[in-house]
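The next block holds one structure in the form of structure tokens; read it before the comments.
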Amino acid sequence: MSKRMELYSGNELVAEAAIAAGCRFFGGYPITPSSEIAERMSKFLPQVGGRFIQMEDEIASMGAIIGASLAGEKSMTATSGPGFSLKQENLGFAMIAEVPCVIVNVMRGGPSTGLPTAPSQSDVMQARWGTHGDHPVIALAPSYMREIFDETVRAFNLAEKYRMPVILLLDEVIAHLHEGVALPESDEIEIVNRKKPTVSREEYEPYADTKDHVPPMANFFEGYRYHVTGLSHNPKGLPSTDFEVVHAIQVRRQKKITEHLDDILKWEERSMEDAEIAIIAYGSIGRSATDAVEHLRAEGVKIGLFRPLTLWPFPEKRVAEIARQVKRIFVPEMNLGQLVLEVERMAKGDAEVIGINQVGGVMIRPREIVSRVKEVA
Amino acid sequence: MSNRVELRFSGVGGQGAILAGAILAEAAVYFDGKYALQSPTYTAQVRGGATKVDVIISSDPIIFPQTSEINFYLAFAQRAYDRFYGGNNPGNRFFRDMTEDAIVLVDSDLVTNFNDPPHRVIKLPILQLALKELGRTVFSNVLALGIVTGITKVVSDEAIVNAVKRRAPRGTEEMNLKALNIGFNFAKKYMEQKSIDPVTV
Amino acid sequence: MTFNYDEYVRTETIPHMWCPGCGIGIVMKSIIRAFTALKWDKNDIAFVSGIGCTSRMPGYMDMNTLHTTHGRALAFATGIKLAHPEKHVVVVGGDGDATAIGGNHLIHAARRNIDITLIINDNAIYGMTGGQYSPTTPPHMIASTAPYGMVEPNFDIAKLVMGAGATYVARETISKGIMLEKYIKTGLAHKGFSVIVAESTCPIQFGRRNRLADPVELMHWLKNRGVPKTKAAGMAPEELQDRFVTGELFRDDSRPEFTEVYQQVIDAAMKKENK
Amino acid sequence: MVTAEVAAKPKVKKEPPVVDVIFENCKGCNICVDVCPTNVLVLIKVPNKWEGYIAEVKYPEKCTRCMLCEIECPDFAIKVY
Amino acid sequence: MTFNYDEYVRTETIPHMWCPGCGIGIVMKSIIRAFTALKWDKNDIAFVSGIGCTSRMPGYMDMNTLHTTHGRALAFATGIKLAHPEKHVVVVGGDGDATAIGGNHLIHAARRNIDITLIINDNAIYGMTGGQYSPTTPPHMIASTAPYGMVEPNFDIAKLVMGAGATYVARETISKGIMLEKYIKTGLAHKGFSVIVAESTCPIQFGRRNRLADPVELMHWLKNRGVPKTKAAGMAPEELQDRFVTGELFRDDSRPEFTEVYQQVIDAAMKKENK
Amino acid sequence: MSKRMELYSGNELVAEAAIAAGCRFFGGYPITPSSEIAERMSKFLPQVGGRFIQMEDEIASMGAIIGASLAGEKSMTATSGPGFSLKQENLGFAMIAEVPCVIVNVMRGGPSTGLPTAPSQSDVMQARWGTHGDHPVIALAPSYMREIFDETVRAFNLAEKYRMPVILLLDEVIAHLHEGVALPESDEIEIVNRKKPTVSREEYEPYADTKDHVPPMANFFEGYRYHVTGLSHNPKGLPSTDFEVVHAIQVRRQKKITEHLDDILKWEERSMEDAEIAIIAYGSIGRSATDAVEHLRAEGVKIGLFRPLTLWPFPEKRVAEIARQVKRIFVPEMNLGQLVLEVERMAKGDAEVIGINQVGGVMIRPREIVSRVKEVA
Amino acid sequence: MSNRVELRFSGVGGQGAILAGAILAEAAVYFDGKYALQSPTYTAQVRGGATKVDVIISSDPIIFPQTSEINFYLAFAQRAYDRFYGGNNPGNRFFRDMTEDAIVLVDSDLVTNFNDPPHRVIKLPILQLALKELGRTVFSNVLALGIVTGITKVVSDEAIVNAVKRRAPRGTEEMNLKALNIGFNFAKKYMEQKSIDPVTV
Amino acid sequence: MVTAEVAAKPKVKKEPPVVDVIFENCKGCNICVDVCPTNVLVLIKVPNKWEGYIAEVKYPEKCTRCMLCEIECPDFAIKVY
């Protein structure tokens, strides 16, 4: 790290990174532990000519950012569990209408109002399945401050590149932590913008299949005058109930993900080369797990870490490989067992999969992982 | 003490415990070039009640970001002590956080009840001291910072001096540095004594 | 001379899906005439709706059209308007879309006085889903979820949005397409949140259940329920029961428009930042 | 929709009114018939056309070009020149 | 003579969580005095709230208490009331809870004229979440999401609920606890949807940011913004700008109450069925 | 079937069964293809002294039925995808506050507005994971008319027995089908009512652990005056952030399910005894699969059917057994692959798992399953 | 024809095709004790457009509940025919539904356009026949029911008679039964002819 | 909360007023001090009590039993007998 460190909280970093990534619209509704993102955006957006609005609820916030994105602005909202639940319907709209936007969920203890000020990781499956209907999803989960910055920027880039909403999952621990971090210079930040149509209005098909399965996106008011609807539609965007058309467009939307896994998936591995045991962990618990691995390695345990930064799509292939390599996989999570289900699915019985789960608002500590690993070994 | 130092400051609203934590982390990051983090309670979490800030300072990148072996604990108020020391309350979310040999510094006027007394506790009438020496209790948090850094050396003297200066409202620099110095001096005396008895002062 | 609607219509989508005698088409045409009168460039209009029969209108309009989720059109529209305050943002919705599930966005758009025009096609029923009662179904009328007659009191939409802060409010039945056009035009030109309630008909879902299946009969019934503002002024409250007042009901040009006020914030913040 | 022929018609103002019902669009709702002050229009049965009716310009000569039928037709099905 | 609040309080939960000088406690006490005056049996009261500092009130009340989701208290309360029309259903909420996220349920409860009493503790801020602006934050005041001052116009809650159909509406500042109690009592006794707006204080989240951190100072500031109805009648609109009118603002005893009307449906349907 | 058959649609049967099960409150908001349930309830509830209300939206409907249930009425709501998404937040409330109620989701094509009048099964994962936070779930999916009746009654019974919301998943096909069905006599219908406290108000703990992990439930106005909150709470119902308390109560809520699997799980098997291939299907596709199995058996293929009526909790153990028995499992679904993920997870590589997926609003027909099975074999 | 018989009736609003489907299913269930189902289009699905109802009748419980091999198809209108016969439209959701040898009955005045003509089609001016014989077209759906059941024998004559009676509005029983009989007679004549040519009448 | 002793106090009407501040409940907000028309109450510093202040009944004899302090105290912390 060449640049001098500065102290930021995770929430502050999300705002910093969003603006650096080109975000110029924020629509939100306050909720602990995400509110500082909105607060910071309300202050800094006008300074760069952007706009902040506190909507009447989360449903409206989600609607507003979709509207702003259609009008050409990179947009974001931030919330926590209860608000994330409310956003689900409009999140599905962004998915079917293929509107880029970023949704931050700073996870707290659930269900319902739960533990508003305590951390959790219990919305991970909701991020995948929260809205009705089949839909593609990208969800990212950073662990460290610099990652929060980078993954926020990446969230915007992926949203623009694949024309879809991207979910950024933090938890209360890293959101409220103030930590020293060295940020990149603005010219070091890669920024992706949505692909624009090059054809005439008459030829433009906002939902046609293309080589990369991502049709170019015209903004409103640019002369393309196309139709955007949450109904199943044809390549022109007009409603269709035609079986083949609808099926094909659904499949294309999935392909935006499945055919770009290399670009979307991101993870960190540590000491996996000769590992006989693996830990799979993410978010703040990814840090506990890292500590635990270092500790156990120091004691001679052949253990390695797989820390996905992209949770959805799930890194299926790599996890299946790991399961073939190791004899046991531990999955510590601040929930009653969510991502572990995906690990189990990919392990296909090749490795024993053991969840380490804790709810109640307290982080899983390295020593708890260490002792669980030793207990089983 | 290992490379990684964990500290917790606690108090009730207005006593400046949280600000003290921020200053300490800033001293480490901005002036000592160390890795540091601080995580404070925030309004939505506490309502007119006890507050605390945890600070972790290390020369290596910090992996696990929460305190789990607090080396130094400062309490400005009984309610804060009860909630955040918590050694006697198994339901407390902050249970299990203190090391056996943690140094505990309390304002001896305000914290008087130790259900499960810690091994090494320094009792000092910090607010009264600030009032007496500096005329106002608002400087008590910086005074305490002087003690904390003087004893733990978790940041350099220079760093904490700069960090305090950086945060001091215009016109209060001098008084703040004076407060810091009182703390330094106390720490020095204390360290010279070398005895770290439950009741030191 | 005949009026050319084609300029603002995706002509390939006509005939539209609406049932024979459905009032929505009349409202759509009034809106188009208002656009024409104002000479608005279709590239500069975002035309937004929620879900319902009425909300299928954007699909037929040749502009930047957005057919959102049920009740949420104003929320999406707020995002568009804020991102492009210099463009025109127009919203249409049914009574259910705008005042049942969408009621919160309605009152908040009114409160903010954001420069959006909302045209409500109030057919007093959920047309699309099969004739369930809506917040504007008149007392005692039959609906598929009001088999014993409507027992809930209904909204006076005009009163509601005035109470919330709308700065232009008008109401007219679809039997007076020319007046409707006029009010819509005034509403579109008005800087601030404007609401035009088009009292309309659903012969299929509302009419059939209430012995008003014939579009013409239904339209007469509707027309007779409307009372022009001037006439209403001299009537007793009892006489107005079960009827609605038509005309330009409210106008306030003094309240600042939201995106303009926000622009001042930007200007100030940017100046400060660049100093 | 305005067909090519229709659009090509001369739009000179003083010509006698021409009322045109667009067959594909008309759904036979009877509204135009009802609103016409001079009873220019009637509804006629046509099998297989929506509900089985369509508007017909029966007495074009009576038309005053008041435009009411055009304005109140929900289906873009009537044009008065 | 001192008043005994204990009858309606879960005494083991006191002292409550609210900050020093927070106005909520004053409102809670006014409610309890109103219950006492009406001699309501605590077993017969359902006391319902959403989420927010204000909404923590049910936890302290010794009755059937329900602390729902943010903004939704009236929806839950509607279910309770409809299931037990003979019981008392009372809702409390903050300004955000009742008029931001809960705005739709507010206007629909008002429209239905269901016999529920809603007491809004309007501190003009989101207290619980850290001082973000609310739909009632006065112009130019600073909030954590309004660092440049509040730019959105605010609701006149009384006007809003009147426009929606509420049949009893009153407003008073917490500096007049006795009047507050009186209006709450009248609202509770009223058959129909009643709204009492308690203009209140949040010294921590609203006060601190606006140089009004001192509870007493803040209460004076608030008190001075209120204008009694009788006085307001003689004032020019400009004079009333940024102020609010207090007193009993609206009352209509003629409109039927919803659960009573529904009971008629049941009676008729059951008679028919049993014939 | 002794009783004469009558023609009912699936939606009508849900209403019939609900009233038979004791439902006396319905709060809803219309949505295709579920609206007939509301319509029928609006007519029949007043006839039995019950109450129907059409709320202003789905959020309010969900709130209203929870309120009515707390006040002692068995309550229900019915919706489809978009409405189900909106109900998620309050559904989580019913889960944490342990309020019995029944939520019907008549699935249509998604995501977003999608195909409102066409069938799908694409909200199956949402039924499990739609609301934020860890939460127990019961979801039932009948295939036949009589099952719709029986499972609706069972939904109410399970809701009352385990003090939790129960989700009934139909799809547009069986919801709108009018089919001859013989219904049970009213005295043949087993009805379960919530367990009431027997202790005094002072001793009553509405959220305490009990032998069956289901604490008795007092209704409002019965003198117990307890507190109900969506915050994490202690056994008394008062808010708590105490780690042990919160963790314990979360775990207890899960146990209501995990320790009563025998009671909750229900499935039908056909020709599984000697099967070498299995089909796992549910809902209307369960009928296609049954037809396909009969067809293939007639051709001599050793194939069997496993048709779960309880989708959540997932019949993990039995599916794992089946995977060990057969060499291949086909999972036809009207979605892009949802329950198949659970099958994969439980198969642990013991059997090959193949999804047969179709979206676009058309049912998967027996012949499509047959040809796919033959293709792979 | 196998035990399971699949039929589809289609028309435009007001022609009574859907009611005819319901009556047929009721005849099977209530009067023949058979298994039957019918699935109609509904208002939310079609808007002033073509409607259809599918009827399946079987002596065994019905497993697969949708039509996939329609044995008999009735169309009262061209628009209905185009949408629900659909043999020529691969994007149509109802594609693939007809058996090769399905009998197709159309109102010959209203359905005139067969892009991809079915093998066995009966063309009869049903509405005109009803008008001529019964004075009103409203009876055309029951008349058609007579033809359908007369040809297919999917329900007993008695059952369909009873089912029609059950549904007939008071005072119209006689006319309805007359309509049914006209259908029966036509069917009889048709079956006697035994030739099932594309154009039979 | 009303302590046992307090509750036991005789509630005879004509006795001179007694003003009681409940130590555990008072958060020192100063409202009672402000509203009291006869300045019966004052705020005093107490370490470790919320923000460090508490109300004290300094001039009980001046009390008119107007009840304002009791009504306006947000914390159930004042009782006037």
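Chains here go by letter, A, B, C, D, E, F, G and H, matching the order in which they are written, and residues are numbered from 1 within each.
The working rule: a contact is a pair of C-beta atoms (placed from the backbone, for glycine too) under 8 Å apart; a residue touches a chain by one contact, two chains touch by 3 or more.
Predicted, not measured: the structure shown is a model, and the values here were computed from it.
**Student:** Most remote chain relative to chain E, going by C-alpha centroids?
**Tutor:** The most distant chain relative to chain E turns out to be G.
**Student:** Name whichever of C-G and E-F has more C-beta pairs touching across its two chains.
**Tutor:** Higher contact count goes to E-F.
**Student:** How many angstrom between the C-alpha centroids of chain H and chain G?
**Tutor:** Roughly 87 Å separates the two chain centres.
**Student:** Quick one: chain A and chain C, Cα centre-to-centre, how many Å?
**Tutor:** 38
**Student:** Round to the nearest whole Å and give the separation of the Cα centres of chain C and chain D.
**Tutor:** The mean C-alpha positions of chain C and chain D differ by 27 Å.
**Student:** Among the residues of chain E, pick out those that touch two or more other chains and give their numbers.
**Tutor:** Residues 18-20, 22, 51, 67, 69, 100-101, 103-104, 108, 128-130, 135, 148, 152, 262, 265, 268-269 of chain E each touch two or more of the other chains.
**Student:** Where in chain F do residues touch two or more of the other chains?
**Tutor:** Those would be 32, 35, 46, 56-57, 59, 82, 89, 93, 112-113, 116-118, 229-231, 241-245, 360-362.
**Student:** Chain D: which residues touch two or more other chains?
**Tutor:** As it turns out, chain D has residues touching two or more other chains at 27, 50-51.
**Student:** Write out the stretch or stretches of chain F touching chain E in their complex.
**Tutor:** Result: residues 24-25, 27, 46-51, 53, 55-57, 59-73, 75, 89-90, 93, 220-231, 238-239 of chain F touch chain E.
**Student:** Which chain E residues qualify as touching chain B in the complex?
**Tutor:** The touching residues are 17-20, 22, 53, 128-131, 204-205.
**Student:** Under the definition above, what is the set of chain C residues touching chain D in their complex?
**Tutor:** Chain C residues touching chain D: 1-6, 9, 11, 14-16, 18-26, 29-30, 174-175, 177-178, 203, 214-216, 219.
**Student:** Would you pull the chain A residues touching chain E in the complex into a rising list?
**Tutor:** 28-32, 35, 38-39, 42-43, 46, 52, 54, 56-58, 82, 112-113
**Student:** Would you tell me which residues of chain F are touching chain G in their complex?
**Tutor:** The touching residues are 5-7, 32-33, 35, 116-118, 173-174, 176-180, 284, 287-288, 290-291, 294, 360-363, 365-367.
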